[in-house]
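A quick write-up on the structure given underneath.
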């Protein structure tokens, strides 16, 4: 099942750069593993924002929440989750 | 270039059903032609709403606006257009 | 899977009472059939509003959208759909 | 009487992890005791958010406020409280 | 139990004056009867708006919804219902 | 003249508890004195929030602002002030 | 006492021009009489909008509401009323 | 002086096409004359919307309001006007 | 030319009182000098808020921005600037 | 291709002035280089705000995001990006 997720990141300004870089590195690794598994289907940067639109293909709400809340950046994120259904005009 | 577009449709309640069906038929044809061309890359129904999230892959703002404003349902739509850039963590 | 759905109804003021009553009767029948099937798990009236909070237990986004868009009142409704996951503190 | 309550948690980023874990442990205990009493009727995680939708069944506004303001996480929470009435189409 | 209710009225512009006056007369009678019963405790006009703030003292959500949805102007109203609890600093 | 005032309190998380308790004690005293004078006519807790709805009966905007800005918690409050007029249907 | 009032006018598109002009003429007369009395102290056009910011100097909420609700355009207006107090830095 | 103006057009659905086309033709003529005079400095279409961002260079608020309120489409428009000052980093 | 400016002040809670008082003293002096020059035409306190509505009479956007950004409290302020034009019904 | 970008800056109050000035100096240099290249086509100060409206002329979303996210002030900015298409009434 597909979910569109908008993730906006707000890192505290007083977080040491090294700490921020470590979290981001773990985030990248975490995300790329899920992309390889096909669960994190799309990941796009929103122009001008420290935010992204992603599409997830998972089997349940619980699975998605486990993935999202496991993101290293999760404590610094605001998310909007939109369930997507098949569109009658879609040729896919 | 990729654009995420959210389209929400509000057809007037007093529009005759036949007229509405004609517009929707033309809309489907219009959209499926663009999907076959690869310009209208994704079309998903937002659960519970007469709305969709679509991803367009076109060469310019002008081309996108020409496509969107040419939609038979355009006069009855509200749209949010978000330009998408490549995300540094994306493996695609 | 559980979805929380807020439905707000706005019937056009100039709709003849008889037509409105017919739609509402079909809506009630439609909803009660889904309640008996266990898909429409909860239906609560929001105090002071022509709106409700409902909880649906269905297997996919597509199934939910088919149910919601099939509601006789659907053309006159605004909906907010929230996917619900299991809470780690819940004893159920 | 039923109340739908949306609770969103924002813990300060600079709160030591140990302190946060203690508060969460007390919160879980507090909530599960109320669930066992049948007052905290439902507790669902909102997918992608450190937030929940809960349904309370209590006898008065005062009782609900006493419960909510007694939550260990209360100082770090934003709440929306919606009184729920019986829906004429509900079969329960 | 006390509820604060904000009611905003939007009568359709094309409603004949006579019809509007009849509804308002019935609304006034309906409201004054509830005021005499002590259920409709306070009724204040919001300066500059066709709206009011009211305080209701009733025994349940269902009773309040029955009262509110029975208002002759209900189909033309938008309402915000806020449950009020006792304030620890109140001397009443 | 009557004013409806919504007051929402946001105390900084890092304020020492003793300091917070002192301010709250002074706030209670301040408010109860005004209640005894009849200026602070009503004080209700908004269920689930560190906020209240109050009704003030004072002679001018200046008097109200002096009262409100004199509240010990004023620096930590957000307020909405709504002037209330007599409602033609009110029996009081 | 001073009140800042923002008035936004939305005349129905299908109102005959003659009817609209008559209402506007009566509105102008009504407003200029109050300006001559000094009650309607200032009247400014918001650039680009069919709206105005006005300052009223009247003795009570009731008086202001009587004035505002008596405006010929009142049924087609949305208003925001802000009570103004004396500013400690004002030299007036 | 420069003003950024966002104009969003909402033509009534039931307006005859001929009438709409006439208004649009007059609008185009009106706008192009002001562009030739250098007052209407820029006119850009917002992608996906029946709206534009324009920059005006005029001598006063009154002049801008006269221009904007004289637009044939003015009665069907919502506008946001933002005064622009010289930016200290601008090389123009 | 007239501008209506709404200024809302948010001083950091951890700013030492002496520092805050110094800034406020400079702010008062700065504002009263501009009032004496007739540029800062009106200054009103918004009841219940650490905010004001002001009317400025200056010759250009640049002059206004220079004045506003020169306010000692500017770094702690949020502002809304509304250009005001002459109203056809105003008798001034 | 043209993009309208609104940038609002929120520097932390506790950032040392010297650090802030350094960032601003680098920001100015960065911006003026892009202005000279013709990519940063316009830069206007929003009156009364630490914010600007800019127009960029670049070849792709990726190029714009690289520019924007490279701004020294980027971590302290909120941005709104609006793609602009050619307007049929524009004479340019």
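Just so it is clear, A, B, C, D, E, F, G, H, I and J label the chains in written order, and each chain counts residues from 1 on its own.
We adopt the following convention: contacts are C-beta pairs under 8 Å (C-beta built on N, C-alpha and C of every residue); 3 or more make two chains touch, one makes a residue touch a chain.
In this text, all values refer to a predicted model and were calculated from it rather than measured experimentally.
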Between subunit C and subunit J, how many steps is the shortest route if every step has to go to a touching chain? 2
Among A-B, A-D or C-D, which chain pair copies the contacts of I-J, with over half of them the same by residue number? A-D
Subunit E and subunit F have mean C-alpha positions lying a whole-number Å distance apart equal to 23
State, to the nearest whole Å, the distance from the C-alpha centre of subunit B to the C-alpha centre of subunit E. 43
Residue numbers in subunit I touching two or more further chains are 2-3, 45, 47, 61, 64-65, 81, 83-86
So which chains end up touching which? A-B, A-C, A-D, A-J, B-C, B-H, B-J, C-D, C-E, D-E, D-F, E-F, E-G, F-G, F-I, G-H, G-I, H-I, H-J, I-J
Given the complex, residues on subunit D that touch subunit A span 11, 13-14, 45, 47-50
Provide the residue numbers of subunit A that touch subunit B in the complex, in ascending order. 2, 4, 27-28, 31-32, 35-36, 42-47, 52-53, 82-92
What does subunit H use to touch subunit I in their complex? 1-3, 60-62, 64-65, 81, 83-86
Would you tell me which residues of subunit G are touching subunit E in their complex? 3, 5, 12, 15, 61, 64-65, 68-69, 75-76, 79-81
